[in-house]
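Letters A, B, C and D name the chains as they come in the text, with residue numbers starting at 1 for each one.
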């Protein structure tokens, strides 16, 4: 396979991949706040009108909070799996880029869920996007483990890690399904999900 | 406590935590300017109409200025406390992420205070958000000092540092309270506050 | 030529040029999503109305996808060519800055093509901008190869690389021309183009 | 002077100051494009209507171009002067932060000049902001030369560098004054100004 073979060539510098990825993660989490538009007030000086308007923004605050925690968790796990690689190659760069594309998309479903918190499609769409993000992350993880693992880590990886990782997309898909019955329940699932595996399940104390 | 114990595991690379944090700080301070919308003019060529509109933007300029200085000060102190840590672990990463979440929220209260500078809730809300930011920062600082301090710095830290740090949130809460009486006075407190402790109180001349 | 001579002076630190460039690339790809505005709904809870509105957004999703892949490819190739340079000088910094200027412009033609996907000028404009981006990238590549190439890489570079690179701008210009006949065909060309040379044609396994 | 004395204490890590600064520079240049809003069209498919609208955007393109080049030049010179410092201290961090504040403000006058290119105040304001930016940059430069210069560079710096640097703010102020007579002439001055000293006048070939 000469075409696919080219993708495993090349030894790219991990530090620029990390810099680019860290940039994307940092911008995504910070852009999320732009969805929180300052409310319009009839009486600019009325504290009670503003308090009322801020209560109306509650679903947007919640969407912002959920997405922020999820993206931070992806960042932490990304940090973890890049630490497993001995170097980078083209296949990894493209898997990473496609994963980052799905990360950079996050502000859109977040804004939509915040705008229409009782619309089943809006709430469900958020879960589907997060499931896809997790699947793309798993693909990157798998590739690094199979092709780029540091020799000193061989054998130390949990062979069931991928099966266990599938809990992630399945939870998001569960939330996406539940959204058609109760959007409140879906919000609860999206909030609870990141609390599992908040710490990567196996860490080998590598410091570089 | 096997659950909480996991958080103190792991030795993460400080440089990626710094890169991610620096990204968030840089984006927050730069996004602040987006709240300064170009005014609408009836006569596009009228300098006097534009001058009048720019005077109307004064509270927005002031909010922008205050937030910029505050976020820069957080960045400087963040730089300081990360220099105290020998490495990172999960608990620190999550404390850092939650602190960064509160930092990335800053553009919202800044915009609201700039839009409604005489609304007591808007001005007060700003102070409360900054108090929470400071408390989250203190939590991160404390954790690093207690669990991750470089061995060579042991004993050299001011034992009263946390008590002294509480001046920060208390000043912001004072401003938040004063806002209900006079928003002008609250602006003055928010402007003066960062001038205290503009230099971290104890610095050990560590260069890495 | 004392004026032009000054540009080849100076040995600048490559790591700050990479940091600045990585920042611009990361922000460009992440800003692209801001064009995906949350649709307005008459009935906030209607899944079918939202589904209809999301289908209307399809050209915007497509434009976003195309630009994301193109910018990632530029980032990857940029990573490659900066790895060929032994250091930086002023001429290189300015060629790099002008290239980054054209990269930072990408969100505008992307938004315009997404907004008016059947307007021949909008679709054509996108191709012209991408052709200019590619030409500016080739200029930077050429300059590095002729003036700043690492001594150990001399002779190992493909002498036909620039002629081959011209396939890039020509493909985009082809798309720009085709847009006046069929915007669908132009979209297809823009989508297929980055799939060629997705891996830089010659890579020497340099790891730094 | 115990208060001011504290500012010259501390040895901060230059790499985080560079990372934060590079982040701000990169975001400023990339945010500039957000001012280029996609025009509204009555007939979405009309190339001639879009062509007309794009011609109307010409002053915005020009403002964007001018600011992009100016900010890149500041970045390059910033890169140069930080290379002169042996380490950082608090005074330098604050001078740097205030300079970055004025840099992050640039999108506002840029947008205003693009929106009202024939309004003398709008065009003049741009020049004044750039003059202030240059003065703050000179202050940072002076401080580094006087207090933080690397020992090996002592004596090698041009003693007239600051007098020469004053050409910068004076040119911008000239443009700001000319704007009241002819905004076209002011645009020309703003465009020509960065072409002087496009290369820092003295460079010692330091590579780190």
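Convention: contacts are C-beta pairs under 8 Å (C-beta built on N, C-alpha and C of every residue); 3 or more make two chains touch, one makes a residue touch a chain.
Nothing here was measured: the structure is a model prediction, and the numbers come from that model.
Superposing the C-alpha atoms of chain B onto those of chain D requires a rotation of 90 degrees, given to the nearest 5. Of all residue numbers used where chain C meets chain D, under half belong to both copies. The two sides are thus made of different residues.
Note: centroid distance chain A to chain C, computed from Cα atoms, is 25 Å.
Listed for chain D are residues 19, 22-23, 26-27, 31, 34, each touching two or more other chains. Against chain C, the residues of chain A that register as touching in their complex are 6-7, 9-13, 16, 19-20, 22-24, 26-28, 31, 34, 87, 90, 93-94, 97, 100-101, 104-105, 107-108, 111-112, 115-116, 118-122, 125. Only residues 18-19, 22-23, 25-27, 29-34, 36, 38, 41, 44-47, 50-51, 54, 65, 68-69, 72, 75-76, 79, 83, 198-200, 203, 205-208 of chain B touch chain D when the two sit together in their complex.
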